[in-house]
Structures are given as structure tokens and as C-alpha cells.
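Should a chain be cited, it is by its letter among A, B, C, D and E, assigned in written order, with residues numbered from 1 in that chain.
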């Protein structure tokens, strides 16, 4: 259900390359299968024409790449931003993580993305995927063609999309959307309604699967530390593997805490987790609490905003009160 | 050759579990996973488990030994224990092959006794792959998904499971199960093998070849300019390493419990930026070098030291799990696809 | 591994009564790093301290743990002991086994067990201690006072009296501030000008004081002891040194219809003007917005009449850069705007005025020469209604008013009412109030005099509406005591407008990295114990910039601020607290999170070039802590995700080691 | 009093200026509270990193309490306000993970509130003792 | 199963002597608690020392195998474990496992040859074991030349042993140099690679190099210019290892594992390795 076609993006990229606006293009490279696209920087027209790709599997958040890519060279980089990417883009700017001058951002409308991983769990032996309007045709090796509604294959983060509106761009392709009134906190609320024992069992079950591959951290646009505390032998909390169930919790609690107020809820952590741990539910809990304790705040909505965790008012709720409120009891 | 009706699987599992611990793939909400069998648990239909079977021999973390420190004195406590016998049921051809790859590392002199202990007490029941996936390329490494190795090989038809014992150990177990299994002839199995082989021919990666890679090819690939492009999107996470059945790098760390020191081993990844970091410096500074190391190791270094055996079994897990969809297939195609290769 | 000595104090029986001190000393001998452990009757005694010194030498100790009373009691003592023994004084940790152990537990086994654990935690911490040295910085012996009202004047005079040079920066052409506009002052009814103007003259004549009037602070860099301040001297078009203040220019100026700010626009002044007769400096200023010469190049009369040749139409804004050791903020207040208070018809009727306007109307130097006349028709008002708390204590009307009490209104209204009744006994005076607040010396007596002796009608209740009708102000109000609605036809309505900090305060606070509350009043370093200091070291608060206050309070705070400044300037060097934050540049992201939580503005960022292992260089933004400014709270260390920011003396590792030791 | 009563381990982080002094005052006034409480002195409650709290639980603490100056009275003006936000979020998260919310607490204790300090500790120890051993945030390796 | 010897399982060692060599190098003498050598080794091999709770680190064994009483390790302070070791006092127990790696071929390729040892700074530590081995079996080798240089006189490791023992041996020539002039130094001044060239050795020797990477690079160039073949030159690599037994993957360079296939390499073997060391 792409609103903008590959050709539109490609032509825009070629145009900007040609007129000298940009020197390089951050986009997706085609893969082996339709779903395994890879982020790549294209240095010239030929490379773009050959391998540039834009389809419903281009879900990865490009913002974090800007940190390393802008540090590499003085050349100007074109980046295509989906609405959710643009929040991370702003958040990174707030934290001075890359040089805005070196980036030309083109906003791309997004009708939601599919996840190759999720799809492959629904369908065995996928040989090709094509999207026609709101239908998805999946060709398989042994089971013929299957048809799905686009909606049913949407990844969780896209089902609960918070915004179709770009908050940063130099230029926009197509029409901009609106900030949505999503149901993204429904699942958090469901957990809050559980008894502590149930919640504990739920999270123990989820987090115990963690293999500490660090994919969640390494993909997270908010995790941009020069050296993560969990990698730093001097931090006192360094750990490479969850040698005990405690360490899984420690890692994920602290990671969520460190991105609290900075997490734009882009959903990359859950997308990349090879073990399907719903990590976004940790981040969303913080977002939900921040909203309910200190007023609505969307990280990345504007550059330079002050996150509630580094702010205060004199009449904030007390921690004990907050925990009650966090239950939805108040 | 023996067989059992699929409807009698619970009986079979219960019979095996009576003599030793039994692990088999079961479905969880996060995909198939090897779990200890218990009444009520059913065998997963998924092609393969999310995590590889290497965990049984080379777990994510394991305690190596303990120390007690008192003043200037140290007491070393050997915490090793004889492992109990266990049966691994439903291991796929690729994963069975991965045990050979791991063996050549851990059982090379000096032998790793932690690994050896578990390996010796394991009985592997493998299963041929009725329905391989588009990400499968075990054939590239000479693995026949229709003919896995293992102590016992099983084939599954629509209603029956066939057993073929390949080792003494396997025969012994099969004999012990003779009361609930029945004699079978090989026809049905041959038919199944033919079906599998036919399906293998339909796989998109069936033509991926290892030619050009292998023993002694360091110079051919090391300075290839394509590494830059291939590695550029790599996040440096350890997903590929940790789901890989053959990756075996580890780290040894000490943990101070407050009343003693536990020295443990845990998985490590050559993709991590601090993998080779030492106080004197860092020989692999960029992700390019670390990325290259992983693939060079699988495709060149390991074969050089192990009679041409590759350190990849084509299970396709990294294809499925890499956050940015970069994987060994793409690397092989890019590097092997050169005109001058 | 450090060589640590443990010294367990009996404190007579204070500790030894509940803690087996010998057992504690014995247990400590087995702790890693401990090479010496002993106990003694009174560690803090001369003999005890000598014992520590001797042990340091004999056992080559490089860390000391004293198990004794609270560190708040004797930490300083033992630090000195350590220093005397040649150790860094920060290589000492105290295990508090008296206040937090022997005194709160009764049973010996329990007390002993806990004391051992506390001692272990102290040992664990001291093993990770690093020698710390307090930073030193020189002190520029000059102070800056921002604001030339009574607060600034008093502060400047007191500092100058102690012999230190002071500069006053005042945005207006003259110093004097609000007090110069007042008529009489409560509760003594002495004339404001009579007590203020001599002080203004003192300032002008004091050799230590420089006045930068018609000037503002545009930039502040640096920190306590060494602030680099940029002062903008706005073009006055009159040479200050040449001008004699004769007033000839003013008389000849053809542009006569400029609203006179000093009289709150109730009369006019010329385009070239001296705000009032006693202005200091007594120098004319040309208002460029109205001067014909400056606007159109046609006139130049003033230049012609000026005997001193002081007029300079080509003058430009000038920027001065000065260095100061201390800065006093005395930016004062203003009444809030009454424009939004439609119910009182302030905008509609000239006869609805604020109390400050009334001050001018009653002042002999005011627009009416001191005779109380209605602004609309210059008639004598016979019925006057005062409305209290206009915009003060106004929870519901946050968009136009303030939540706080402006504090001075009750008293000045009583003063006004009393003065009016005294001078014009035929006038009826009504005061609508919510509460009358008169805490202060002779305040309540004063208020009671207004009611009892002068017959002012105090009505508890609020005015609902004022409607101008045929030259009369129809005042509709409620009397809460008699529970009835009142309708009064008034000739004059006086609004006790809430006061708010001067608008210049907010940008100034940003420049000073001084914190403000939500109402833009400067916050004090501690509301009780450090009321005249800002949390930012070297920045002090004087007068109403910190909160509403009356003149005596302002003056006493001004003096207090001055004494703090003098205390600071007396020092040749400032010794910092060495337990300050420190950023590890290798790990810092430069994300600015720490800066946001620093209450002192101690964190800045710089682009730093790093040599990478592959011999390339990379420029990265990293945080830098100004150790002279940091007070060591540690807020930044938790805000910092990467752990790059740590607090010396309370490092992450040290605290975790304590946790570990306690939980062992 | 029972002999084999379960003894919880409580770590109390106290800010140097108010709560630590409050604890000292409790001592001066000989106000009893259980010896299970072990105090760690920090300059300000805002120095307490969530990692310290988790670390304490890992190492076997059964309850962790933070004490700081009353809001508005922070020696560093704003430290405890940050503490309040941080801990509100952290505690809510711990509760979300199913960890007993009674095991963590923030209490404002001034230097004059020795009695409050003792009462708070008595109450907290009692609450945590009623919960029993910390099982949900324990590290088995650290068990004796 | 616990009877099986586990290569990762160390034995306890006791530090019985600590010698301060230079401002940042100390030499530690290690024996087992019952006063024996922990294990036998060959020159060039390493051992993993550890302080439980701090970590393990690999060090070359600097004492000669011919020393039957104890092992010695000369260790430069440069990281977490070495900091800890430097802070130790005599009597401290540590753990030790080994020996690891391929030794110098002292009993094969080296026998009968003239030996040229070239070391810079702490690089002497791994060579000390070979030098003393060659000195012990003096008749098996030809002439021995030792070129050793450091930043300053104070940074020369084992200075006393060099002067008192090595320099006095028959057939052993010691050539010392320091980087910069020093008042109390009357020997040669200059960098090792240049000094080697100045000394101008004949090419019938086996050369063993150890020192900082740049020194090795330039010395090797110099030797080649002088006519040495790479097959005549040996070096020992910087140690970055974890398991010591070629399994953990850390020290893997190309198809080699430094801990197993090294640390001693003949220089022509290095050419086959990718440039990652």
C-alpha cells in the first residue's frame, strides 16, 4: 500500500543528484527476496538505477545511519524519511548527534510497512510478495499463491502508528498526513490491568528469551552512546550475556530508562528482536507514564524540546502516587 | 528401519523421556524452540527452531569454575559435573552438520571438557526436511536435507514417522523402543526422500556455490573493495552470530557474587566492536573489518584449518533474523560473482 | 590494591555499649585491602588522631576508614588528621556506627553485625577513592549590581563601603527605581524622596561606584570570581561627562508631547529630558523615538542651546566588557498590566488608576503638584474606592494575574487611604479586600489607625464590576461580612495591581544560568539558609527580583547580599569543592542531557578533536564541567546515559561497591 | 518477639543534607528502628542512579528506600524534583514488570525529622518483611 | 568427568618475589603453593595469569625452561589486570594456566646457528627466556648477539642481569642503546633499527625480533637490506587472547590463532596473514 512509488523516489534522488543538491543517497538496496531489502548509501546514478528499491518492506528507521554517515564525509546526503523516521531525526538533532547541514531530507508518506520476519512466520517458503492496493499476494514455493489483506500483515508498530505527519523534512513527496489518535497504549493498559503475579510471569517469559544480541540497542535511534554502559568494563554493570534472569531485566529496564523521554516509539527494537520480545511495551510504558504524570510529550516532535525526565514542576506526583496512577487506578 | 504412527508420538516421547531427558522443538509464541518434553507438549511443525541446537553443547552462558578469595589466598572450586544423558529430537540436517563444525573446534586438542561432556551424553535424532524454505541453502555446503546424519534419522510422512538408526547408540535406543514401534520397509522413506529432493530443486538458493571460497583463499578476498558496501549497513549487533549454529566465539568473564567469584563463559561475537579490543589497542577498528572477519572465517579461515569444511551449514537463520538483511548469501554472491574469481 | 587502615572508635560507651568494637576491628582485618585494624576509646581525641597518623606511617596506609560517629560530626577532623599524616584528605571514609548504629539499636549482637557491615561498605568505598584536590580560582575584586533601585543602591553602597569597586547597571536614564516614584512610605509615612535621594547622591559621589545608567547587561560568561560581562551603553546622544544637567536643552526642545514614563504617562515630557529633578546622574537624555533631529534631521535646537556642547546626535550604542568577581541581581518589579482586567474598566476610564499612579498623583513632584485630582477632569474626587488583590492571589485567572500574594498592597493601600483622609477629610474612602495582611513591625497598628482613626471603610469582599457612567464610576461589589451587594458611585477607583518581576529578569537569568521559579522570580540557593544567594555561585539576589517585599525588607536583603559579596571578594582565591562532576570525554556524546538538569549551569560543551586509533581525527561535541561552578549534587550523573558523567568522591563505582558490601 | 523472624535487607540512600542528618537525629534521640536498614550517604537524592537500586536488589536487598530533602528544600534547589520524576517512572516500570511495588519507596525526611526517619524505617522494614524475600529481582548467583 | 583435565582450569600460583625493573615494568616470580613450577614450558610460550574477579591476561614466560625452580613474568603496567598485578605484594596468590602457543624452534631450526636477538622496550621479556635457554645450552648455538634498546636507561628491562651475566658470557655480545642522550649513559644512543644497521651483522644468523610494531617493521626492513631472508627472522606477536587454546576466536588472524599457532612466527609466515595485527 505504498502511496509513493519506487520510481517517484528514484526520480527525486536522480534529480537531486543531478542538480547538485546532494552527493549521496541513503536508500534501500534490493535483496534476494522481495522482503530482504538492505539500507545502503548510493554514491552515483548508476548504482541507484541498478539497485535502488522502495517497497512495503522498507521499514527500517534511517535516522540512526545519519550519525555515522554524516561523520564520514563532508558530502551532502539525501535521506528518505517516513513520518516515524522524522521523529527520530528531530530527536537526534535535539541531542546534537549529526550535522543537519549535511543532510537533505525528503519526506515520504507511509501507508504502513510489512515485516519480512512476521510474514515468514505466517507463510512458509515465501518466494515472492507483491502488494496491490490493500491486497498482498504471497507466492510460495510449495503452497501456491496466497492472498492477504494488507492490514492483517501490518507490523504491530504500523498498526499502532502514532503519526502520518512528518515533523522534519526539506521537501515532501506526496501529501502529508496527520498525527493519529492511535491505540498504541492498549497493550500496555492490558498489562497494567493484570495482577502483579501475572505481569511478572508475562515479562519473565518474554525477557528470558533474550539472547543479548544487542540488536535492539544497536538499531535504536536513541541508543547512540559512544560507549554503552553495558559494554563498558568500568561501568560496573557491563554484561555480555544474560548469565542470570536478573541481568535480562537489568539490561532491559536500564535501556528503557535511558531512552525514556527520548524514545520516539519508532518500534525498531521490537522489529529487530530475533526472539520476538515486545520491547516496545517497555518503552511505551514510560511514554504512557510520562504523558499521564507530566502531560503529553512526544519525543522528536520538535527539535530542542526538553524531555520531561530532565525537567520538573514543583507539584509533580510522588513516586508512590505515580505507581498507583501507572496502574490506571487514578 | 522402524516406524510409528504420528498419533502415537506422545507415547514415543514419553517412552524416551523415561530413560533420559528429551528435548524437542515445540511451538512458542516466538517461534519453535527446543524444550524439555513434558506431557502435553507437542512436536512443532516448523521447519526449524529460532535458536540453533548448538545451545545444548555450547550454551549462551555457563559457569566454568568458582573461586573463593580470602586475604591473599585463592581457593579454586571445580564445579564441573557429569552431564546426564539426553536426547535431542527433531534436529535438522543443517544443525546436525553444525555439530561437526563445532566438534572440530571444541574437541580439537586440548579438548574442551565442558563441551565434550555434553556432547558425549547426547543422542541426536535428526529429521529430514519435508518442506524446506526459501532461505535454505544447506545444499551449498554439501548437506542433503533428505539424508541428515545423526544417531537416528527420522522421516515424516503424512501419518507416520520412520526411524533409521545410524549408530550403535541409535540402535540401542531404537531397540529399547521396539515395543511401541513397528518394523517398516524403506519404500515409503525412499518416496519421501524423492519428494524432498524434488522440493530442494525448487529452492531459489539451490545454485549458490562455494566455488572460489575455501582453504587458502585469504588473499583473494581480504582486500576486496566490496566489503565496504556489504558491511556499510551492518549494525554491529550479534544477532547473526547468536542464531548461527556454527558460530562459537566466546568470552570468559569473572563475576563477583559478593561471597565468591564465578568464572563463566558466554557467547561473544566477532561483530562486536570490543571483541578484539585490548588495553594496548584495537586491531579491527571498523565494522568493515569485523564484518569481514566473520565471513572470512566461515568461508576461508575455517576451511583452511579443517580440510575444506565450511563453517556455515546453510540453515538460513541469519537470512531470517538480520535486522538489516545482510547475510552470508549476499556476501557469497557479491564476492563469488566476480568475473576474475 | 590499596593498603587500608580501619580505626574503630568506642566513643566511650556510646558505641562500645552496643557494638563489640573489638569484634568489628577483628572482622575488618579479613577485608580485602585492609592491612591494619584497631580500636580506641576516642578516635577524635588528640591521642586517637596521633594513633591514626602513626599507623599511616608505620603501615604505609593509603586509605583510612574510621568507624565512629556521623561524618557530619568528625569527617572534617579525620580528613585533617589524614592530611597531617601525609595522606590526601579525601582518602578517608567514615562508617557511621554511632548515630546510625549503636544509638538506634539495643542489642550487642545486632549492633555489632551492622557495624561490621557499615565498616565493610566504607572499606569497599575507600578502596576506590582517589586523591582529590580542591580547585583554586582567583577572585576579581569588583562587583556588579544589576538594577539601580533602592535594592541595588543599598547593595552597591555597602559593598563600596567595604572598599570594593562596584558598578551599577541601570536600564533607565537614572537610578532610583520604583522608590523614587513613591510619595510617602509606610508605616512611618516619611517621604520617600527624602530618604532615597541622599542615598542616590552618596552613590554618585562614591569613588568606588560607577553608574552605568541607560545601560543593560547583554552577555555574561565565566563563573564565580571571574564573570566576564558585556554591558551595552545605549546611545544617550548627550555626553554624560560634559552635560551639567542645567536643563536648557529640555526647555528649548520643541517636542513637548512625549508621555512621561516617570509619571506613568499622566503628563508629558520633552524629547530631550531629565526624568526628575533629583535624577542621578543628572544628565539629559534624548529620546530617539521622538527627537525631530534624530528622526528627520531637522531641528538641532538643543545642540544650539547647550553651553557645554554635550549634545551628540551621532552617538552610537557602546559595548563595554568588564570582569567581576560577583554579580548582584536587583532588577526589581513592575505592576502587572491592568489592560486585561476589563471588569475594572481600567482601559475605559482614566479615573481607574493603579496605586503607583496614585503615588504620582499625590506626590508634590507629580503631574498635579501633589493635589489629588481626577485624571479625567482634574476635579477633586469625593468618593474613592480601592480594590485590593487585583491580579494577586489569583488562582483562577492565571492568564492575566498571579497566584502569589504581592505582599505590599495591603500596607500601601492603608497608607493611601490614611493620607487621603488626612488631607481631604471630606473624601469617602472604601477599601475592598480579601484579607488584610499586616505582619510586620507596626504594620497592624498602622492599618488599625487607618480604620479606627481615619475612618476608612474596609469592606471584606471583591469588586465585581466597575462601570463608567456619566463621569461616575459605578462600583458593584460584595460585602461578605454583611452578606450583601454594594453599589458605590465612585469618583476614583484605585487598583492594587499585583507586582511581577521586571521583564528583563528572564533573559538575565538565562545569561547568568541562575534559576527562576515559574513566576520568574529568581530562586534562592536555599529558601531558608541561603536566601540572598542564587544557586549559581557568585550570583546574589537583592530586593524584589527574588520575591515581593517592602522597602525595609529590600534594604535588609540588599545589605545581606552585600555582606555575602564582601565575604566573597575578601578572598584572594576560591577553593572549590573537589567532589564535583567530571565528564569522561572519551565516552561523552555531547547530547546536552546533563546540561539540562544542572542547576548551576556548570556544564558547557565544546568541540573536541579526538585522535582515533587509525590515526585519523574526529571532532566531537563533549561536555565540560566547570569545577568552580559545580556544587556536586550529581543530577547530571544520572541523566547521563553513557555514564560519561561521574561525581568525584561519589563515583558510580564507589556507590555500587558500598551497595555490594552491604548486600553481601 | 519471635526468634526465627525473617530479616529483610534494606538499603537506604540518604541525601547528605536532610535525610542523612535526619537519620543522625534519630540516633541522637535514641529512636529505635531495625538494624536491617543500612544507610548509604549520597550528596543528593538525585545522585541515586536506577542502576544502584537494581544492583542492590541483585545483590540480595529486599527493599530499597531513597530519602531526600522535602520538595522545595533541596540543598541543590532542584535535585529532589528530578529524583521524584525519575523514581516515579522507575517504580512504575518495576511495578509494570510485576515486581512488588512495596519494595521501593521514596520518602522526604528533613534534618529535623529524626522521628519521621525512624518511623519511616520501622514501617518500611515491616512492609518489606511482610513481603518476604525478594525473588523477582534476585540474581541466583549472588545467593549464599 | 572432573578427572578430565580442563584446559581452561588454572592452578594456583604464589608470587614469591617481585622485582621492579623499570618505572612501569615489574618481574614476578611464581611457584605453586607447594613451591614447585606450575608446569614446564618452552622458550617463547605464554601463560594465562589471572586474579579472580579482575580477569585473565596472557603473558609470555620470561624465565628460561632451564630454570627448574620457578617461572618469571616481566609485566608492563597497561590495563586492568596488569594494574592489579603491579599493586600485588609478595605472598599473593594468583591463578595460572598454560603453557600456550608455539615456542621458538630452539631445539630444531635454531641449533647450530649464530643467534641475533633484537629487542625494544618490554620486547625483551619474551626473548629473555630464549636468550637464557641459549646461554644454558651454550654449545648448541654459535655466536650470540643481543641488541637491546629502550627509551631511556631506566626503561631497560633486566639491566642488571644483562650487564652482570649476559655481557660477561663468552661468545655473547650485548649491544645496548637508548633513544635519547642521558648524562649517566656512556653507551650508544639511537633507535634500535638504525643501531642494527650500524652494527652491520653478517647474514648467517637467525634473528629474533621483539618490540613495538614500528621497531619491528623498520628493523625487519633493515635486516632485509642487509641481506637477511624473512625465513631467518622470527618474531613474537602481541598477545590478545582469552582462551589460549584456539577456540574462543579472539586471536584469530586469517587462518591462524595467535595463541595456538603463535605467538612465535617466522616473518615469512606473517606475510600470509591478513594485515590485522
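Here is the rule we use: a contact is a pair of C-beta atoms (placed from the backbone, for glycine too) under 8 Å apart; a residue touches a chain by one contact, two chains touch by 3 or more.
Every value quoted in this text rests on a predicted model; they were computed, and no experiment measured them.
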item: If a chain touches subunit C and subunit D alike, it appears here; value: A, B
item: Co-neighbours of subunit D and subunit B - touch as defined; value: A, C
item: Which of A-B and B-C has more C-beta contact pairs; value: A-B
item: Chain located farthest away, centre of subunit B as origin (C-alpha); value: C
item: Most distant chain from subunit D, judged by the mean position of its C-alpha atoms; value: E
item: Inter-centroid spacing, subunit E versus subunit A (mean Cα positions, whole Å); value: 51
item: Distance between chain centroids, defined by C-alpha means - subunit A, subunit B (Å); value: 30
item: Distance between the centres, which are taken as Cα means, of subunit C and subunit A, whole angstrom; value: 45
item: Interchain centroid distance [CA atoms averaged], subunit A/subunit D, Å; value: 36
item: Junction residues of subunit B, two or more chains touched; value: 69, 251, 253, 255-256, 258-259, 268
item: Sites on subunit C at which at least two other chains make contact; value: 597, 639, 652, 656, 660, 663-664
item: Per-residue overlap in subunit D, given as positions that touch at least 2 other chains; value: 50-51, 55, 59-60, 72, 78, 82, 86, 139, 141-142
item: Sites on subunit C touched by subunit A in the complex; value: 517-518, 586-593, 596-597, 605, 618, 620-621, 639, 641-644, 652-653, 656
item: Sites on subunit A touched by subunit B in the complex; value: 31-33, 35-41, 60, 65, 116-117, 120-121, 124-127, 141-142, 209, 211-215, 217-219, 231, 240-243, 268, 271-272, 274-277
item: Contacting residues of subunit B [partner subunit D, same complex]; value: 255, 257-259, 262
item: Partner subunit C, residues of subunit D touching it in the complex; value: 9, 11, 16, 20-21, 23-28, 30-33, 35, 38-44, 46-52, 55-56, 59-61, 72-79, 82, 86, 118, 142
item: List of subunit A residues in touch with subunit C within their complex; value: 71, 94-97, 224-229, 232, 234-236, 258-259, 306-307, 309-311, 313-314
